[in-house]
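Which chain is which? They are A, B, C, D and E, in the order written, and residues in each are numbered from 1.
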Amino acid sequence: MNISRRRFLRLLSGAGVTISAHDWLFPRLEAYANERLAYGDLRGPGFTSFSRSVCRDCPNHCSLAMRKVDELPVGLRGTPWHPASLGALCVAGQSQMQALFDPDRLERPLQRPDAGAAAQAVEWDEGIQVLDERLRGLLSSGEGEKIAVVDGRTPSLGTRLLESWVRSIPGARYIPLRIEHALDRLVRQFLGGGAGGRLRFDLARAGTLLLVGSEILEHDGSPVTQMRTHGDRRENPLLSHAPTLYLGARQSPTAVQADYWIPCQPGREHEILLALAEALSKEHPQRDSILPEYARWISDALDPVGFARRYSLESVARRNRLDVEELEAAVRALRRFHPAVTLPGPGILRRPNGFSDAFAGLALNLWTDGFREEGGLSWGRDPLTDLTQELGLGPPGEADPASLSNILDPLFEIQRSPVDVLICVEANLVHELPGQDQIARALSHIPFVASFSTHEDETSRLSHVTVPTLIDLESWDLPSAAWGSPEASLQVQRPALVPVVEGRAVEDVVLGLASAGVAGPGFSPGAENWKDTVKAAVELIVERREGDLVDADGRRTLESASASAAVRSLVSGRSVWVAPSEPGARAEESEAGAEAVGGRGVRPERPPRLTDLAPNQLWLIPFDTPAVQRGRVLNRPMMMEISGMTHGLAWESWVEIHPVDARPRRIVTGDRVKIRGPRAEISTRAIVTRGVTPSVVAAPVGFGHEAFGSVAAGRGANPLKLPFAVLDKRTGAPAWGPVPVFLLKA
Amino acid sequence: MMYRLFIDTWAFATGVLLFIGWLMMVAIRWQDAFNWTLAISLVMTPVYLTVAGTLTYVFIGLRRGASEEETRP
Amino acid sequence: MSAHSSRPAHGHRPGVLAVTQRGPPATALRRSTTASCSLLLSLACSFLPALACSPTVDVEQPIAFVHKIHVAEEEIPCTDCHIGAEEADHATIPLGEDCADCHEDGNGENGENAEEARLVEMLASGEPIPWKRVHKLREHVRFSHRRHVVAGQILCERCHGEVAERELPFSRPNISFNRELGMERCVACHLESGNPRAGIDCALCHR
Amino acid sequence: MSESRRSPADRDEPLYRPIEHTGAGFYLTAALLMAVVLFGVYQYVNQFRLGLGVTGMNQPVTWGFYIINFVFFIGISHAGTLISAILRLNQAEWRRPITRMAEVITAIVLLIGGLHPLLDLGRPDRMLNIFKWGRLQSPLLWDVMCITAYFAASTVYLYVPMIPDIAKLRDRGTRPRWLYDFLSWRWKGTPRQRQVLNRAMNILMVLVIPVAVSVHTVISYIFAMTLTAGWHSTIFGPYFVVGAIYSGIGALLVIMIVFRKVYRFERYLKLVHFANLSKLLLVMSIIWFYLTFSEYLTGFFGREPAELAVMMFKLSGPYAVPFWLMVLLNFVLPVAILSRKRTRTIPSILVVSIGVVVGMWLERLIIVVPSLAVPYVDFPSHPYWPSLTEISLFAAAVALFWLGFMVFAKFFPLISIWEIEEGREVAIEEASSRIAGYLPDEPDTPVPEGTGRAER
Amino acid sequence: MAKELSGSELKTRRWGMAVDLDRCTGCGACVAACKVENNIPESSPEEAQMGRVLRWIRVARREEPEGDRASVSLYPALCYHCGNAPCTLVCPVHATYKGIDGLVGQIYARCIGCRYCMAACPYTVKVFNWSEPRWQPELRAHTNPEVSLRYRGVVEKCTFCSHRLQRARDDAAVEGRDVREEDYQPACVEVCPAKALTFGDLDDDHSGAATARRSPRGYQLLEELGTDPAIVYLNRRERRV
């Protein structure tokens, strides 16, 4: 066919257009292809190496192996040879990389002219200088008692160093902010045992388990170990029929795994426990000598008969809307499988009347020989103790449970601050203690607050100096053994990589201050800097049996013969318990307070009763989950996404409501609800579930940060805004309490 | 020139058939569900052939018809 | 009867017929031809990037490295310098330390030359040698040298051509290699190799 | 007699008018529709850039508007070819003014519908993978095949019967001349040509029906081939086909009524045509209801938990409103209005058929979304709401359809002229003879013709 | 060494998993491990709101009402690598397919994002990249190089950490032996604190997974569908997930 010129030109132009289009297209696609290359121009060979460290998010202290490809950290794994974790890691542990490389991390100290003012970053020495001057001033004027240090970290050589530094200053207070200690303290009063001891509990060999507000599978003690041993227990032919009972208001994952969930109204646990004790003690020789003790100290001034009547299974079941069969089944189980251990957990200690619940729980062990070396509750010494003594850090002192409340209570009623300097070490008081606004106000009255933290959190916003700290993966330490894991051994926490931010360990700061003379007499750390101190400690370990420091001394078994003595030893002495509900109680209470606190009594808090609820009012019970950890790990996107997963939520907090309460309020799962408490109002999502008891609203603690990095800030709501700021004087636990709230659809 | 449409039709039909053939080759090469491919193609092929065939028939027929009338006195 | 009646009332004008045979259909043809050829071209273009895994322009290497001297004459095995080849995914390019083993004092086995002098001063400067990477794979492809060299026992030459004969460093992927860098080549080799591990399962290479 | 004296050409003038005279109204409407289409294009470019995140789809509900509209439009496409083929096949004489429009609908809607799966792709830039690495095992590729075949067949089926009309336009010297010259294919109406044409049409109409049926069956297979509760059903094939024809007739009626009004075709599209079509509509509506009923009854009676969950989600759950609206529009309304002669007026038919089209769209929604929103396993379900992008793309698709139809009307007659003429000239005798053929023969009194004539 | 190994010696496996619900506490460690191992980016809060969270394994919660209470069960749900996988049948481009040792693979470079496999999966375990995943630059640098970073518009799912299988196969090949079970454990199994997950070869009767599969407590999720999932749940209680 003949090709005309016009046609030729058209073809040409057509082709030209396409080719030019191609020329435009191709380089872009090329660029697209190239920018998709995994590494830069010269990629490393891809050699994999591991460097180990320790996760300090919980007291289990699993060891971590940071996986590096060509020296570039790409992930964390557990190490199978760690006695407690056996290579497992929990959610929080795995998200540490995100904390490590979080762009919001503090790199230099922040200084504020006064609390709440805008911060400006200062040089390291400058920042520490401020702290130095303050402390020096108080030391010179001999007012050591005006110094208080709150430590939120898990026990380790580092905390011990800090503690001994504080204690070396006469009068200065060292306050560990760890709920486990509250329980330890309580048990110590039961079992005796030296300072720095640990409650030890061998899940694998226990018979019946009665868990009272104790989330052994979640975060109490060492989830990683507990989970595994729980599973093993299930498969152990001897124990496979030994039931696990859970007594609590919310069906937590632990309760899900338990064989029976005995739902009960918050704060009524002790009633049920006493009923069980009453039933169990029927043919016990000492019954008549001990019941009066109960009657006198725990509950009401009732004679044994009245006690027996009041706490008969039937009446208690009736009062708590349970059916008797359940309780009878529980009694049978507790009788049958020994040692039957009743484990009162932090869950109930965080209550205004947590003491009575915890006491009742512990007392129940008297009847079920729950205090036993094998399988039961027993007392173990912290392997660190001897070590620190050899290191010249002195013996660990007994922390006064009431000390924090002694500091804060006067401040609630605007009084003169009992301390001039408050140092919070990785303890976010404002966010983690109930009554946020109260705490915040209290802190603002303290002349000088310093906080050590990786991020700028709520507390550091109110502090005059904020000193950056290192993440566990970057720092040296010697974390102490896991709570309750018998085979725990000391392990060395090495930096897995060069610190991402130019920072200093808390201990280095402390040692710096000490070497500058800011320390009491008798503070003689092993070395000038922290790394050498740890190294010295490690050498000591190596002298001993290859670091395995498990020490069985100091256990004391409690024969049931001396049960009444035990009760006395528990209830007599410094912490006087009076049933707070009794009118006469408050007077005694205040006396008791008087000797303990010196000056004023605590704000009267009555143990919650169902009758306290106004019509269509509900109990708000804040709970703590491992994926949230009271908000300490919420600066990591992963945790934000995983924490609400089972409810199909992400980046959000929630409250769990029973359908019975949801229906009249026309609330369905996913709705936004307002929770109006006595002090504040929060708004969050509702999850309608039968996993809570009726007339109870359960909310996770930790969301609703106002600071703490861009990831955490402003996500979800913090239920701790609602309750009053109460710190239980006997346990030192923050009383999250059940709070009467109104719930309405937003 | 007139056969343009005609050519296009067949181009289309053969294109589709080639496509089917290619898919069969892929199926063989990747050892992936050849039987299905075969079955489907057995169903589809005649359809396209018929369509194309019919159109051809129309074109040729119409042209013949037209010329026939022109040759008529 | 019906046919007769339905014949167009005014029989068609011959002029129209004539028109039919001249220009206009041609126009149609042109349009459709232009359209289709541009369509084909654009199709071709959209397939091209699938093959384009490597820079298409020559890159200037810092040193005129001569493989021939090292491999053919000195008989240094490839993996002495490309350490990754036997151990890991990527056969790396030596950054300097390896060169320094022989060259730090400047007298390589076959005497002085300008290139070596440049190499020496580069080594002296302590900076890694800025080699330009020319063999790149798309991100979704995972090619393990270890798998092929050690497990598969495949010789380097099989893919990289006669490197031993090269007088010049790679300024672009050597042609025989680049042309067949597409998946087809891998698959062909995998199919013909008797090794049971070298299947054509996608996950073997694609991540 | 007086009629036959007027030349057929000017008798059918009104059919040529739309082609030769274009009013301002046309441009106005076209501009309006164009604007909608362009907005849709803009939205799509957005989606292409940002990914499907701009839509309202989410984790359990992974298919939304695009697939719904895909099924819907392909369904509409059955209006045409199938109906006209069926009508042609059994020589329904009233078909003559209808068939063309029906076929046009098919061609245009197929193009639009076939586009929708591409809108739904997460990576349209990889569309060519379908051709390069396609697996014929996937029902999606069955679709590609069937729809292409159906499109090919129905365009041919649209074109072939149009040749004589194109020739007419060519002879009138309508512009653009080259187009008509080119397409009319030297049609002169010689007996041979007519014979060829008729035969071709016969072949095509026989071919088109199974292809058309297969198309929607296969589309139903996309769903039925999965194990998903509410989809995994054998009845889906016929169910979809019936629904498709149903919605097709609805759409056809709407189009007819609208263009009858716009182009003043009252003389051609008479009440009887609408009456007949609406009867057909009524029949389809009843069949549709029957199938729906049996589909849901089996699910309900079986009490298979997952199945039941999906069903409750539709009947009383979040999708109750669309569901019962669907029942109203697809069954209650048509039966109530069309079953009585008195109410079978053109306005009411318009209302009903619009209702049917909407109702059938709702049916696709009811089929696609709930089954995904209620998965077998415990999965936190999230409500699906279409985003602006999806809605505007739907609007654009509809606008494109009207635009296409209008443009077609500007080049080719919407009513087959030669078939009308044929009808006038031959059909009457043909039909009467056919009917005579149906009637019983007279009691045979052998009357010799000769004598008969003698008696006269 | 690998040369000697002929096809007959190379054992074909059916990798599978056993999930002991009596041990699983729903702590979510497996989810975290999966996210880290497979470079799964965190969703933005807005996306999470819309239900577009990317997760290859999730902990599902099932509640069966019993009067005022409920029997709650938490169970990890991931790709079940069905022996007769509905998703692989419907993929139009061979992007999801039945791969070596019975793993169901997903090839991101091939996927066209039609999401048919997601619609076809009765377990709802596949996820889709609705929009370009956003990475913190700090974290993007520290992703696992063995797994590609996905991009907008492709479907992804659990691969049983098949890159680990690749490594294991390479090592085995170098040593001229077969892959041992301990060579290849997915991240979730490796990390599970409760040791609720057991991974192994279902064809090998002695493997943990196979024995678990035979246990009277064992059952498959939606076995009535006949998909033959490679994951078996063990549960002592009556309640089932």
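Keep in mind that, in the parts below, a contact is a pair of C-beta atoms (placed from the backbone, for glycine too) under 8 Å apart; a residue touches a chain by one contact, two chains touch by 3 or more.
Bear in mind that the values here come from a model prediction, so they are computed numbers and not experimental data.
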item	value
Most centrally placed chain, judged by C-alpha centres	E
Contact-richer chain pair [A-C vs B-D]	B-D
Centroid comparison with subunit B (C-alpha atoms), farthest chain	A
Between subunit A and subunit D, centroid-to-centroid distance (C-alpha), Å	67
Chain centre separation in whole Å, for subunit E relative to subunit B (CA means)	46
Centroid spacing, where centroids are CA-atom means, of subunit A and subunit B in whole angstrom	75
Subunit B-subunit C separation of Cα centroids, rounded to whole Å	38
Of all residues in subunit E, the ones touching two or more other chains	51, 53, 60-61, 94, 97, 110, 148
Contacts with two or more other chains, residues of subunit B listed in rising order	2, 4, 26, 30, 32
Contacts with 2+ other chains: residues of subunit D	133-135, 137, 141, 182, 186, 188, 190-191, 379-380
Residues of subunit A touching subunit C in the complex	4, 6-7, 10-11, 13-15, 17-19, 21-22, 25-26, 29-30, 32-34, 36-38, 41-47
Interfacial residue positions of subunit C with respect to subunit A in the complex	26, 30, 33-35, 37-38, 41-42, 45-46, 48-49, 52-53, 55-56, 83-84, 87-93, 95, 128, 131-133, 136-140
List of subunit E residues in touch with subunit D within their complex	47, 50-53, 60-62, 77, 86, 89-95, 110-116, 118-120, 122-124, 127-132, 152-155, 221-222, 225, 227, 241
Residues on subunit D engaged by subunit E in the complex (per definition of touch)	50-60, 62-63, 117, 120-123, 126-127, 129-130, 133-135, 137-141, 222, 225-228, 372, 375-382
Residue numbers on subunit B that touch subunit D, as the complex places them	2, 4-5, 12, 16, 19-20, 22-24, 26-27, 32-33, 36-37, 40-41, 44, 47-48, 50-51, 54-55, 57-59, 61-66, 68-69
